[in-house]
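A, B, C, D, E and F are the chain letters, set down in written order, and residue numbers restart from 1 in every chain.
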């Protein structure tokens, strides 16, 4: 059952027709009136590729502007998918937080907001809030399923993985689980974001869409291995939903492991300013209490480095990229086998 | 033969005595009068560890502020080396461009200068120019050898390597070559910086010091493998110079390959704005003309990516870390077997 | 019929008495506690000129801080109008978004907000939101009519014109129309701002005030011709409302043309980064589909310029001032004869 | 009677247990996802020192980040108080607007907000709003009394004083009055903040806590005399509440004067840009109409300085620290004997 | 007679061959090592179009980054000129201060320098200084003539005009004069820049090149009339030098007026902060002592505007674009008939 | 004997005539071509008050932009001195680093330079370098004596004092000493700036002028007591030089103490980040080794404060104003009795 939500008035308009068959690449236009452009617009790219009867699948990239595998792979689908091979509709949004994508940073360069902390948005708010409101009010109601392709961005590096969005609805939970498995990443992880309701995936779930996330590569760069996982994964998921023929997808490996980030002990936070030296590579098995790394005060060679420890058992799933840390920075995340 | 250079007047002063035996950790103090500190100083860390007779070896880290293996390893030497095991003197400068190191960026946060493009410096110039002048006028004249530990910083990732500084003096060239081999990194590369005379290593060579560089890890983070190379390398080089006993160093592998960055064709530069997808991992063998990667305009999914190609034969020695590129950014560097 | 709205609590206070006869020039004071002024105020200039019985007319300038004809002309009225020649009351607010006016930019330098996207405001919000709340809660309820003098600002250049604010109330619409005609600008344009409810004029209409706008000059400079239009226009409108004798106003030309900005096709948006070369002067007649200009990539001379086209028939009413454009910038607006 | 308020959902968590006896020093952790730290936290320091039965007293410092006496004295209590000498519980929060404290400025360096204008906060808002929401929803409900230690910060200098928070509840008003007198500062001042409801102290009063404020020193520096007043004052207040034995406090002087800031005439605001020369020292007796100082336009020596005057009778209670003023800056505040 | 100047060592390299016939469009590459690109380059566009025997003409645009007619017209020549119609060589540099051009501002976004105040440059200095050094050492020595196309930029608006560069060499002065007349702009003006030796044109003259300047349009936008003047002018000048056939140029009007900016009285400077209202359009005849405009303090309506006056007789040749002025801003320039 | 120095070419010009009798207030105009003002000027205020025969005395204020007593007092002289009471000439420059003065900060807001570290300047350099070159080449050669009025600025607070500039010329040293004594400040201090040759006073000495400095008040504010010292001091010094009658000056106290800042041990530098709590007031007698204050890490209440100590005997002459310190900040300066 889908929840319905009244559409709030918005002055956004589009250059594509969501009800048309074939391929269209255009923009959602948000009137935007900053210092240097009184009557201009912010243009959020959108492609619609549709044919025949079938579900509507929404794909998002660029929710954060420094996560590149999603925008690349969704852009390739927009250019390369043959509408004739579809049964259904794809709404492809490769670069949703467009100002962040242009600036190659996590948050919008215009209003400083983390798009994934703004849902359900506000059509009379800042540009980022307007985009999330448009997703909530206009895009999600058209969809049956939602793929949200994230990567580690400039501050984290991940084991390429599919992400399962938790939900209180058991039927939806099962469908989310199955769809995440269909992505067929090297591992699949339940990521609850400590319960934050302001994300795109949480909002899609509340709207009743089958929802799949991912965490691909990171380190602020394009990870070739993660890109390959993503290219296969999106086709696998489209086949899973019946939008493309399963012959267009690869075979899925049923033995991939499943992990969970189990609450706050999953995270290792910096306790001092300095340069973080990690002790383990991604994928290493570690235990709570084990030494995780050192923070070196390189500007004061007389100071002995400070040691960090893990607080959970599992594998090293995520690792901070920039060496420089301030207290509170997430240095490592441990995923525990489910 | 060492060139001598008159010391220019400087108002810097030190809290260590370069002529004292034992271990001292202190600072070189440069009077600095910015908006928030009329009569303050910039403090550049320096340690002196000395014993008996023997050469003076100068070690520099933090020439660029986002290259971490050098500062970490030099800081460890400053804290951990037992003066009793030395014959000679170490002048350890782990964080020379101190404002850049505090800010974890390549260039100084105070005057914006790239320290390694300021030599021979100016004692009446900006802080960065004053530090390079102090190196030129006061530090290098005390030294017999100079190790300058660089890494890839936040914009490049390297194969951990020792670097040979070219010089027109054949005797010095041979000594530089032998010392770089003693570092025993996985590979050794002749890096001429396109002839730039403004670097620390070029200046040390002009002053007659045996000079060894390195390029360790990168990506703006601490590379555990590179750190291990550096920890071994600095002790090997000290043993090579006879400052520590060779029993304190590891055995050196004589078969390590030697490469050279052969002029401007070694570099692959971005030709458009976008996100760079590299096609090869570090160490891959490539040929001139071969496709090297794509630049994706992720904010305009209708635009087909632009392809980059290599211009030299060799191995992928360096690769850009941030995915976002502007025209002119160095995406890749190819090292050619010598 | 005027809608009434409860006044929300505000800590603002004034140095003028809105109920006093004669001329007063003072400030509305908004307590403001930024980094450098714990217990200070933001001072919004206001003048009250009142005499006898008659309507209250509110005049606003400086809604955007880079539109100068309004502030100049309203300031002249504040200094020069003889109270004895009035029947009624003028509330003159020449520089409402005062931080934007001081900074000569469209939006506030303090909170970055576009004042004309903040109505009805928030008395507990940021300074710009507090000013719009004060307008909504305290100023508009005192008024019978509202003149809001805009210009093109630094990003657009306009044909000097009066603007008609659309409203669903037919009686008010007729009065708005008549008052705009009384301004007697070279042309009069219906400008609906794509339905945005957050403007000062939309809010004044909702409060039941007869509302007139203007778009005078632009290009970030003072336009002498537009200034002359404005100086005549404000007196004409005051005479229209009976606040000054019609003998103090100029004769009105009944044949002035009326145009409308008809939805999103009225706007020509940039499709690429570059330098915009327009093909037509303000006032030129153009047709949908006609070439409108070129975007030159001047930093890459090998790239052929990209062409823009009009999407509506009419006259070139507005033109972008800065040559530099990014995708989405409004390059031109076409007004269609009504 | 305490008002109860439903706790809004928050993703914050703590490293201390508020129900444990003894001394704990830790943090409240607010998940925070900016550009350089996708999965990190903002850490707000908190200490809990508890023993036996008795009231819970909450102490706040660092509400503004450039007011230092509070953080210093609360930090000393956290380290030095012997839990064995308590009857009750102290919740010590020395640096509540932690990003402002790290940046040594009034407002947060992360979201620019003045923490003391954000209550009751928003657990889904920006970091500063989340901290004030946590105070409102989680901390104040645990407390019986609240001490909020302010100083003049970088823009004002004060006579060291206790501050009485006004409230409409006569019983609470009497308890606030008695507690402020117990602080035993050189003077005690009723400070209503022109009725602003968004402060920590106004919120604590609404939650029914006995509330005491202070204004200590200022000028952006540590005032040794004010620090001494604060060290005595906090112990006196703890003794007043029975948390420590009165033998641990100093004797209280019953003759200390009481003043009030009586509305907007208490403040002298700058009327021009320039350098402010004050005519009187803190504590001087002044009268309404008396000359208060000059504003010198030092960059135009031909311009005669502009004179400011007082608008109330009383003593000079606060004085602006930076000489440079813009119109609206608070130059002086006059406290009137009650 | 040309002065020769030793080429200073530079690490710049080119992707074009200046000695090759035909059309090439490429870059001069300046190694540049900022925070985000350790081994990258700054790419300055250059085109070489050459055929047969004849003089070498150098054309510069983008000396200032907000002057657009030059870059547009030089880019058109680079793409459109048929090498077969030439006798000689064109070195076309449309965007010389490339970082300023990308940023659409007068000065470099990288080092803040005004390129036209950096000659003769420094090959070991900042990027802007390196570019001017390359012009001085490598480009000018190849040339016989130099056209430097300027416009008013974002702060001034000009009567489209050719500019005569003064020189002490009477033979060169005559050739400069003839070449400027050949440009055939609506007027021609002798502009001495108050004797500043640091400009490109002064440097070209010192190197013995026939030198022509221009001041086209301005106001930070593309001026269609000025563009048309420039398109004709560059072909006229090429024909004047014999590089293209005179049949490819337009007929030249011998009656165009010649003016001169006669020292400091030519300029009207702002004397106060405020908004400048000019009294005359470009081209108006004015006399010394005549009122030139007003400066309105729009943020303080009680203040009477301040009047400016002309100090020379002539025509209004240049006018400030932004309304906002600070003391010292050039509001107007008067050109006096020669 | 005065050293002569060739005047380097400068494009600066003045609106005053240095050779005219009477009072003139005007500007030295430096052509300045930043982004928003292609043909504007930077205006440095200057007043000339002259009558009869007598020495030329140059007075400088605003060498640093956040030191206010000098600009105020020199402005008063410019407006108030009656030329008829002079024998000689005053060149009054109240705000020499004018951009710093407008910005109320130590260094220029335009080029970031500390004016007092730029002498002898460069007439082709940045604006600050041009101003110091103008002082060196044009102003100092006109003078017999130079008074340079400094204060503590925003980072230091001083005991109001006259400053003696050291010089190797014994005759000049004696005249400097006598002139500083004539200033009659509460104390007089020999301040050598650790030998820095780049100051205005060092340059004036090298040019042979009798030179007097001062350090008045500080803390970024106007110190009424220091202002009073300065008002008396400048007249005393003018009388000392015979420019005004000694009857116009106050009697001088011969018993004022003389101190010296004796090298680097005079300064107490911060050794950690935190908030500095000083232990002594200005003027306190202290001894080397004595505890000087604490640095509190207020953001980590678990960390014990770090203690600083004095390194010289004497009185506390200067104290840091902002509580927040970073390592290297000057916290205190000790002046030793001569």
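Criterion: a residue touches a chain if its C-beta (ideal position, glycine included) is under 8 Å from a C-beta of that chain, and two chains touch if they have at least 3 such contacts.
Worth saying up front: this structure is predicted, and the values here are computed from it rather than measured.
Looking for a copy of the D-F interface in E-F, A-B or A-C, one arrives at A-B, which has over half of the same contact pairs by residue number.
Relative to chain F, the chain whose mean Cα position lies farthest away is A. Farthest chain from chain B (centres taken as the mean of C-alpha atoms): C.
A straight line joining the Cα centres of chain A and chain D is 42 Å long.
Chain centres here are Cα averages; for chain C and chain F they lie 49 Å apart. If each chain is reduced to the centroid of its CA atoms, chain C and chain E end up 37 Å from each other. Chain centres here are Cα means. That of chain A falls 58 Å from that of chain F. Of all residues in chain E, those touching 2 or more other chains are 66, 154, 300, 322, 327, listed in ascending order.
Looking at the complex, you find that chain E touches chain C at residues 25, 45, 47, 61-62, 66, 68, 71-72, 74-75, 78-79, 92, 94-95, 98, 101-102, 104, 154, 219-222, 224, 227, 275-279, 281, 296, 298-302, 304, 320-324. Those residues of chain A that touch chain C in the complex are listed here as 9, 11, 13, 29, 31-43, 124. Remark: chain A residues 64, 66, 105-107, 114, 116-117, 152-156, 194-198, 264, 267, 269, 318, 322, 327-330, 333 touch chain D in the complex.
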